[in-house]
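This structure is in structure tokens; I'll ask about it shortly.
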Amino acid sequence: MNEVFIFATLNGLVTGLLLFMLASGLTLIFSMMGVLNFAHASFYMLGAYIAYTVSGYIGFWGGLLIAPLLVGALGAGVERYGLRRVHSYGHVAELIFTFGLAFLIEELVQFFWGRDTKNYQTPELLDFALFTLFGQEFSAYRGFMIAISLGIFAALYVVLTRSRVGIIIQASISHPHTVANLGHNVPFIFMCVFGAGTALAGVAGVIAGPVLTTFPGMAVVLGSIVYIIVVIGGLGSLPGAFIASLLVGLLQSYAIAADAGMPELLEWLGVSFERSHPLNDLWTLKLPQIAPVLPYLLLILVLIFKPTGLMGNREE
Amino acid sequence: MKKHLLLWAAYALVLVLLPSLFSSVLGISILNQMTIWILFALSYNMMLGQGGMLSFGHAVYFGLGGFMSVHALNLIADEVLVFSITLIPLVGGVFGLLAALFIGSFSTRKAGTVFAMISLGIGELIVASSLIFVDFFGGEAGVSGDRTYGPAFFGIEFLQDSEVYYLGAFWLFVATLLMYLFTQTPAGRMANAVRDNPERAEFIGYSTRRVRFITFCAAGMFAGVAGGLFAINYEFITEENLNALTSGRVLLMAYIGGLGFFIGPIIGAVILTLMNSLLSNYSEMWMLYLGILFLLTVMFLPKGFAGFIMMHRAAWNNGKMGSLVLPYCLTALPAGLFLTAFIGMVELSHADELLHFLSMDLANDSAFSWFVLAMLAAIGAGGVKLARPRLAAAWEHANAAAQEAKS
Amino acid sequence: MSILTLDSVCKRFGSTEIIRDVSLAIEPGEKHAIIGPNGAGKSTLFHLISGRYNVSSGAIDFKGEAIQNLPPYEIARRGLARSFQVTNIFHRMSVFENIRCALLWSEGYRYSFWRLLGKQTALNARAHDMLEQIGLADKADLPSGELAYAQQRALELGIAVASGAELIMLDEPVAGMSNSEAENAVALIRRITEGKTLIMVEHDMNIVFDIADRISVLVYGEIIATDKPEHIRSNTRVQEAYLGEVPNDA
């Protein structure tokens, strides 16, 4: 029991931190521009694919450096030449634009890289077991994922709280309109934040690609969960996004690891049931089966009881 | 009033005559798809265009209506239920409505991003459950039925696709009429008001939540009717019909067609169904073209194709349309050339063998082939650049004249 | 009996108290003006009465019923209509539709989806009549978002008064209008509020002294005086706190 729990916690942590890497960029972008960027996970996918190609030439570490920069530049370009234009048509149009962009990027990835799964590997340098617990190995790469996520958050935190740019961004989060009045070049800041946010998604893609497999559906797999996380945490709240990311990561990880479900519950309640009942599927439901559903359930519950999300306070 | 009756008569006439014009197997099959998608897109427009609720999960009502309809078909086949399959769309409608009643009761409190995210969450939830509740949803394979059982409808047993078409066209006509009439009622008009300015709507006595809820339920019901048509036409349904892909597709249709206009989604559904059925035979890349078309529409035609047509109202009223024809042609020709060359390049990049294109044989590895296409594209782009000022001037002229006439 | 009473109403945003212990009683048929410098809390007070904001403490009674913290639509249905300082219309709908929507609830149409608006002759006639009164009859079919500023203000006023509510609250109804437009608007306000109760925020003292039966002066969230116009004019506290500033303020 104990070992299952510890590994589930570690895996949940890895997933949660990865999710937060996406959610933090998404939150930054939302806070400043009021747009929920539906294509955010697509930039994550681009990060994985570009890193895969680059690492073919100069190895994993080169990919880790170059791919996020390229993705960030692409993101900035999308903001400059696409989103900025659509901005004047209102929020629905913006949301729909990023939705279409997600669709297009998925097609473009298939156009350039094909439909098959890419053999994107973890670097040899990290191909060993970091530690062994109860006879189970925890790979060094997962440790590296945790380390790099934490490193990035530390950097992000320092930039946001200590630098001038960070202070302007923070101001834009709480008082989006005042910043423009103070004479800052808001469109330029928007472009940079969008670029930085997508670059973060790119980093997440580079490090997740080898473990979560690099294939054209990877954006969809993670995407909707990330959007849900930022809403659960409260749109525009970085701490909220952090809590929600870990919550979702751990919740899913525990549900998958748990070997329990309706049969056990019913047995515990002393209810016996007929195998051929029309609701058979419901009575035999196991927790690992509903793991993928949990984030959505959580979302719906949170939105019903606290429409602004866990830590959000901004009404629309 | 007269004018309206005439329009509706024309609509009915077109629906009746279409199968005679496109009587091939492919033609009828496409027409059948169109009836389904037009109805579905109209119901989506009710939600977003009329009610201002951006949903990423509209396929839920379509799919649930469809699943219940297929199950109803099976119950008819097993003689548990005895009624004509012509009424199946009603089954879809009822269950679409029930689902919307339940989901709408908690999701319509807010519009905007919160609503959009709840709709996404519910959509994903239902899709995930569909893989869990295999008895009802049939797992990955889906559920199939047979539409030829049950009492015959005046001797028609729906063995032929064309018979199915008339059934679909009938329900489409009825549903279109009802949806249009809804826009003319107090609830329908308040849906527009709430879309435009929810705050003010509350100060003239209306609960925005209630107004949204009514629109939401109506839209869910008509989506369910479309799902019923789907069930009759394909005789099977899978999880794919309620997932995000289908939700996204209907959003695409409504948006490309034009959200603000009642006929917008009809145009969008026709365009996308045609692209889907025709292009997908010719090119593996059609989804890529669709994505590009969608983004360009969002960027340059925010009101969709219907909005683009409506932009010409002023020019039309002043009889200035004629002056626009030539500039339009002069721009469209090179634009078409550019587009053709672009498509040629996209196709060529993925061609394993010789690509027969514009009566040329192009090869993937031949620099000359690429050069020819690049030249054509450059000529097209240059032509557009040359023609644009003239078009802009003509546009200016036509609309300036319109303003003069007004004042 | 008063039609509207406020009893020790307070409103805080975070730690700042914007409305401090306001008590006020409005008599049926009274024309009441609220004046005070910018930022005094006049609009906030309107929002509290009409249900846009919840009160932090205190009670508001309308026709003998407590209405504080009810949703705006509940309050509107009880016969309280208001306009906004910042134009707040249905911008994509036609001018005519704007007015007709404002009439729907009070004419008993509720949420009906079985009656066609085109067939409701009496309703449509009332809407057209209202358009005539606010001088927008020739713009009936234009999307309201395309109206000029002053016309939008007229429409804003029209939406507020269309339903024929017993208590009408107008927040700076003529601000930004030219002199002649303002004159028309004032005449309209007079006509439409005949026999009804009016609460109005207005900066133009001529209009205030012209229309109002009583005036309340709001400064920093507190009502420092409520009285007949002639007494307000001579009230020294008011002169100190407010009237002295009028020239700079306007």
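We just call them A, B and C in the order they show up, numbering each chain from 1.
Everything below uses one rule, namely that a residue touches a chain if its C-beta (ideal position, glycine included) is under 8 Å from a C-beta of that chain, and two chains touch if they have at least 3 such contacts.
It should be emphasised that the depicted structure is a prediction, and the values quoted were computed from it without experimental measurement.
*Asks:* Quick check on the contact network: minimum steps from subunit A to subunit C?
*Replies:* Each step joins two touching chains, and the minimum needed here is 2.
*Asks:* Which chain, with its centre taken as the mean C-alpha position, is closest to the global C-alpha centre?
*Replies:* Chain nearest the centroid of all protein C-alpha atoms: B.
*Asks:* Please report how many Å separate the Cα centroid of subunit A from that of subunit C, as a whole number.
*Replies:* Roughly 48 Å separates the two chain centres.
*Asks:* With chain centres taken as the means of their Cα atoms, state the distance from subunit A to subunit B in Å.
*Replies:* Result: the chain centres lie 31 Å from each other.
*Asks:* Would you mind pulling out the distance in Å between where the CA atoms of subunit B average out and where those of subunit C do?
*Replies:* About 44 Å, centre to centre.
*Asks:* Any chance you could list the residues of subunit A touching two or more other chains?
*Replies:* Not one residue of subunit A touches more than one other chain, so the list is empty.
*Asks:* Provide the list of subunit B residues touching at least two other chains, using ranges where the numbers run on.
*Replies:* Within subunit B, no residue contacts more than one other chain.
*Asks:* List the residues on subunit B that touch subunit C in their complex, please.
*Replies:* 1, 181-182, 184-190, 192-193, 195-197, 199-207, 210-211, 214, 218, 260
*Asks:* Tell me, which parts of subunit A touch subunit B in their complex?
*Replies:* Spelled out, the residues of subunit A in touch with subunit B are 36, 82, 85-86, 89, 91-93, 95-97, 99-101, 103-104, 107-108, 110-111, 220, 224, 227-228, 231, 235, 278, 280-282, 285, 289-290, 292-293, 296-297, 299-300, 303-304, 307, 316.
*Asks:* In their shared complex, at which residues does subunit C touch subunit B?
*Replies:* Contact set of subunit C toward subunit B: 50-52, 71-73, 76-77, 81-82, 84, 88-93, 97, 100-102, 104-106, 109-118, 159, 163.
*Asks:* Can you list the residues on subunit B that touch subunit A in the complex?
*Replies:* Going by the criterion above, the answer is residues 48, 52, 54, 56, 106-107, 109-110, 112-114, 116-118, 120-122, 124-125, 128-129, 132-136, 244, 248, 251-252, 255, 285, 287-288, 290-292, 294-295, 298-299, 302, 346, 349-350.
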